[in-house]
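The following block contains the structure, expressed as C-alpha cells.
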C-alpha cells in the first residue's frame, strides 16, 4: 500500500464523498489510506425517556465493522454480547459529538450517527469521528427549519480526530494497521476546529511513555487535525459554518 | 425516483461495480433502482466441523441491513435474537449458491458471502443473490490455484434472482418498496443462467392466488432473470464462464 | 414404517383427535404417518401494540419440536438464539392463517396457535398448518359470542398444506423423513379449501428443477390438499363452514 | 373438575400410557387429575466432558410447560433466561433419579429424561418424577444388552413423588392448582418404592409451620407414594423389578 | 481451618459486623467459619407492576458469589444464563423473608436484599439468610417513619437458617465445604426465632434417608437455629424486637 | 462526608487492608474517601488458547459494582449485555497491569484480578488499579517458586492511578462522586512508580479544554500518584520491590 513513502508527520490520502446513499440525510463515505467508513446520520424528533420534557436534544452513535472489512474476514457482531472494543468506540464517537454540541439548540430531537467500516486499515475510530461531523452537519441542515431557532447552531465548533503513536521509537501521525500493531504507544486525539481538546486517550501497549513523548505526540496530532479541519470545511462549502 | 415511467415488465436500472473494497477478494456494489447492496466474498481453507474430512467444501451467507438503509432509520440488528426475516434471507442466499455449486470442486474450503444493504427500496434479497454470484466468482478466482482441480468449476451455472408480484391486480416485475407494500401476492424467484429454477417463494399477503396468476408471475420472472444473466456475464467478461 | 407400499401420489395415513387437552379451547392431535403434532389455539382480547385501536385482530403462531420427537434426541430450543428453521416455520404458519382470515371479523383479538411436534417423520410444518386450521376453528367458536358480528366468519376459507418433492427422479406426495432427505427438490404448498394458493415454497437441494417438474409437483400437491380438506371438513362436522 | 368429592387423603385419578410416541425408547403419557405430562427418555453412550473416562454414567432431566398447558396461555420459554422455577424443577427431577441410580451399572452413558407438561393443574413436578421413572425403565431396557453387566440394574429402587400441603388448616394429599394456590404450606416429597426419602421440600407460603404439621404431611405423603408405587409396578409388569 | 476440633453438634464460630458499608441502610458482614457473606438491604417506595395499588409491599433477594470467593477462582456470573443454583438460592432467601413478613405493614415498598459471598466454605445460603434478617431490620428502621403505621412491625418474627447433614453415617450441624462434599444427605433448614419451620430442603446426594435420620437432622438444626437467634438478638440490641 | 475541607490538590484519606479474604492469594480492601473496592488476585498455570505454547503469561481483570454500592441501589449486572462502562473499566485495568508486566517472567500462567466495588463515591476505576497492584504482588508471591526464574520479577514497576478534573473552573485531584458529576473535564491517569505514563484518558463532558488546562491536570495527577506509590510501598514492606 506504499505507505512507506509517506512522511511520519503526514496524513494518509483522504477522499470524502457526501450524499453517498440517499435514505439518510447525512451520508458520507470517507477514505483515509486503506480505511473506508460510511458515516450516516439523521435527526428524529424524539429523545430517550430520561431526557423527555427538558427541551434538550441528544446525540448518539453506533459503530460496526462489516465482516469483510478485514483480511481474513472477521465474525459479524451478533449474539448476546457487544464486543468491548465496539462499545468503547461508539461511546467515544457520541461523547465527542456531544462535546461540541448545543443540545438546547437541537430541541427535543436525537441526532443518530452510524459509522460502518467497509475497509479497515487502522484509524477506523478517528476516521469515524471526522466523517461523522460532516454527516451530522448535513443531517442537521435537513431539519434546520424544525429547530427551536434555525439561526442557532446545534454544533458550536467542528470536530476531527486522528491517531498518533510511537513506532520504532519515533512519533508517527495517522497510523495504518501495521504501524498501529507495531506501536509501543498509541494515542487517539479528538479536537475542535478551534484547537481545543475533546478527548485524549493515550495507551502504552505493554509499554509506558514519558512527558516528552506525550508532548511530541500532541504536537503531531494538532498538526493532523488542522489539516482535517481544512478538508472538512472545503467539503462542506457554504454549509459550514452553518 | 421516477419509477412511475417504468413498464411493469421492465427491470429497474442496474449498476454493478466490482472490486468496490479491497480487503475481500470478491467485492461488488450492486444498485438496482433505489436499492444498493454490498456483496463481499472470500474462500478460506476450513469447513464446519460436521463436514471435515469429506473432501467437500461449503458455502454460507450472511445478510444485514445498515440502520440508515431505510427512512426512518431502523435499529441495528444486535442483541440476543436475530430477526426472523434476516435469518430467512441469509439462509435463502446460501442455499441458492449451493444449488449451483460443485462442492467437491471447492475442496475443504468455505466460501462466505456477506450481503450488506446500504440502501433499501425493495428487492434487497434478490439483489443480494444477483450480486453474490459475481462476488463469488471473483473470490473463487482468487483461490483458483489452490482448488483440487483448477479446471473444474466450483460453480456449475450462473445465478440471478428477481421479485415479481401482483399489484393492483396486475403482474409486475422487480417491485420497489411501495409496490411491494401494495402487492397482494409477492414472489421471489431464483434461477440459473440456463433457465432452471432454484427457488420459488410465493406468498399471498393476507390474500391468495390462482394457477393463472402463478403462470404470469413465473413468465415475468423468467424474463427479468434473462436480462440479469446477460448483465452479469458482461460484467464478468473473461472470468465467466470460468 | 412400511411406507414402501404407499403409492407416490397417496397421502400417509392421517388421524385427527380434537379436544386432546382441555386448557386450550382448540386442541388437536394430528398424526400423519410417523409425524405427530399437537396444535393448540386460543383467542384473547388483546392485540400487539402496533395494531391497537384499529378494530382489527391478529393471528400468530409458534412452532417447536420436543427434544425426543427425533431419534436421536435433539437439544431443546432454549438460549439466546431461536433456530432459523424454527423461525421460518412459525412465520409460515402465522402468515398462512392470516391469508384466509378476515381480521376485522376478529375484532381486537389475537388468535395464537402453538404447534408442538411430539414425533417427527417429515412434513411437520405442513401437518402443523393442517392441524392449526382445525384448532383455530375450535378456538374461534369458543369466543364466537364476543366477536363484533357472530355471523361473520373470521376465517374465509379452510386451509391445508402438504409437501411434495422429486425423489429418485419422480414426483412424490407427502414426503416422510427419508424421502425428504433423499429429495433433490422439496416443495411445500399451502392452499385453501377452494383451491387457491396461499404459499408455494420450492427449493432445489443442491439441485435445480424445470418448468415441467414444477407443473407435476403442483398437480400432486393439489390432489393431496383436496383429500386433506375433505378430512378437515368431516372432523369439524357442523362447526365448518362456521 | 369435581375434585370437591375427593377425600383429602386420596390421590387424584391416574392414567398412564406407555409408548405414547415412538421416537423415544421410553415414552409415558401420565395424567393425574387435570395434569398431563409427557415423559420421554433415552440413553446414549456419551457422558458430559467432566465425567469421561470414569466408567460411570449420568442422568439428566429437562422440564418444560407447553404454552397452552395453562389457561390463559403462558409465554413459551425462550430467550436468554430460563425461568428460575423451571430450573429448580428440572434439577430436582435429575437429582431424584440419580438418588436411586447405580451410575456404574449404566457404563459411560447418559440417560436423558424430558418432562413436557401438556396440561397443568397442580403437581406437575411430582407427576413428572413419577412418570420419569417408568420412562427411564423403558429407556434402560432398550439398551440393556449394551450395559457393562446386563444383570446389574442401573436403578436400585423405584421412585415416585407427590405433593402435600396445608389447605384451610388441614393436611391435603396431591394438591390441584386451586388447592396449591390456597395452601399455607406446600411440600413435595420424593420417595423410593422401599419407603426411603429422596427429597423433602417444604415451604411456608408467606406462612410457617410446626413440628406436628410436618409429621401429618409426611404421613400423608407416604400413603400417596405407596399407591403410586403400586400403580407403577402394575404398569411395568415384567419389566420391574428389572 | 481446624474445624476438626469442632463437635458435630456445634456451630462454626460466627462474627457479625453491622454497617459494614454506608451506601446501603442495612449492611451486614457475617462470617461463619470460613464463609463470609455481605448482606445489604434497602427499601424503596416502589413495588413490581403486578402488585401496584394493593397497598402491600414486596421482598426480593439476590445472591451471588464473587469469583475469588472460592479456590480456585470460579467464573463470574455473567452472560445470558443465570446458573440454576444461584437462582434457587436467591428465590429461597426472598421466600424465607416473606414468610416472616407482614407485607401490608410495609406499605407499597420493596425491600431488596443482596447477599454477596466474599468467601465460600459451605453454608453460604444459610449464612445469607441469617445475615439478611439483620440487614433487613436495619433497612426497615431507616424507613420506619414512612411506613403506614410505624408501630406495626413489617417483620413478625426473626429468621435464621442452618445446614445439617449426614457425614460418614452421623448427623452433623453447620457443614463446611469438605463436610458438605462428603455428606450423603444434605438439609437446609430455615426457622423463625419462635421455632416454627419456614423451609425444609432435604436432599439425598445419590443416596436416600430414613424417618429416623430425618428426625435427628431436624433436632440438630433446631439447636443450631436457637443459637443463631440468640446471636442475632444480641447484635441488634434495642432494634429487635422492633 | 466532609470532603469540603479537603484541599483541591490533596488525595482523599486512604486505608488499605491486605489479606482481607483468604481464598484468594491476593486480597486487598482499599478505601479512598467514600469508595471501597475489594481487589482479589490469583495466578493459575493456564493461558488463553491463542497464547498457548509461547512461553508467555497473560494478565486479565474483571470489574463489577455490587448493587448496594450506590444509593439508591443499582441493578445487578446480569443478562445478555455487559454494560459498556463496565467493559471499558475492566479492559483499562488489565491493560494497565500488562503495561508494567514482564509476561515472559510469568511463564504460561494467567494472573486474574477481580475488582468488586463495595461502596462507590467516585474514582472506583482508579482505586481498582491502585489496589490491584498490591493484590497482584501478593498473588505473584504465592507462586514465586513456580515461575520460570524466581528472581525475575513479573512486574517491572509499580502502578497507581488517580482521577483529576476541572470543577467550577479549577483543577481538582481525586474527585468524589459529586465533583465528578460537576466536572467539565474528567481525566484518569495511570502511572508507574518511576513516573512514566501508562494511560491518559481525558474527556470533555459536553465541554472542551486547552493545552494549559491539560498541563495543570497532569501536574496534579503526578502529585497524587507520587503519594499513592509511597503508600503502596509502605503497605507491601519487604514484598516490594520483589
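Each chain gets a letter, A, B, C, D, E and F, in the order it is written, and its residues are counted from 1.
Operating definition for what follows: a contact is a pair of C-beta atoms (placed from the backbone, for glycine too) under 8 Å apart; a residue touches a chain by one contact, two chains touch by 3 or more.
In this text, all values refer to a predicted model and were calculated from it rather than measured experimentally.
Chain B and chain F carry the same sequence, and matching their CA atoms takes a turn of 120 degrees, rounded to a multiple of 5. Greatest centre-to-centre distance from chain F is found for C, with centres as Cα means. For E-F, the matching interface among the pairs B-C, A-F or A-B, defined by over half of the contact pairs being the same residue numbers, is A-B.
Between the CA-based centres of chain A and chain D the separation comes to 60 Å, rounded to the whole angstrom. Taking each chain's centre as the mean of its C-alpha atoms, chain A lies 51 Å from chain E.
Once the centre of each chain is set as its mean CA position, chain D and chain E turn out to be 29 Å apart. Contacts with at least two other chains are made by residues 79-82 of chain F. Residues 21-24, 27, 34, 36, 38, 40-42, 44, 62, 64, 66-73, 76-80, 82, 112, 114, 116, 118-121 of chain B touch chain A in their complex.
On the chain C side of its complex with chain B, the touching residues are 80-82, 84, 87-88, 91, 95, 98-101, 103, 157, 187, 192, 196-211, 214, 218.
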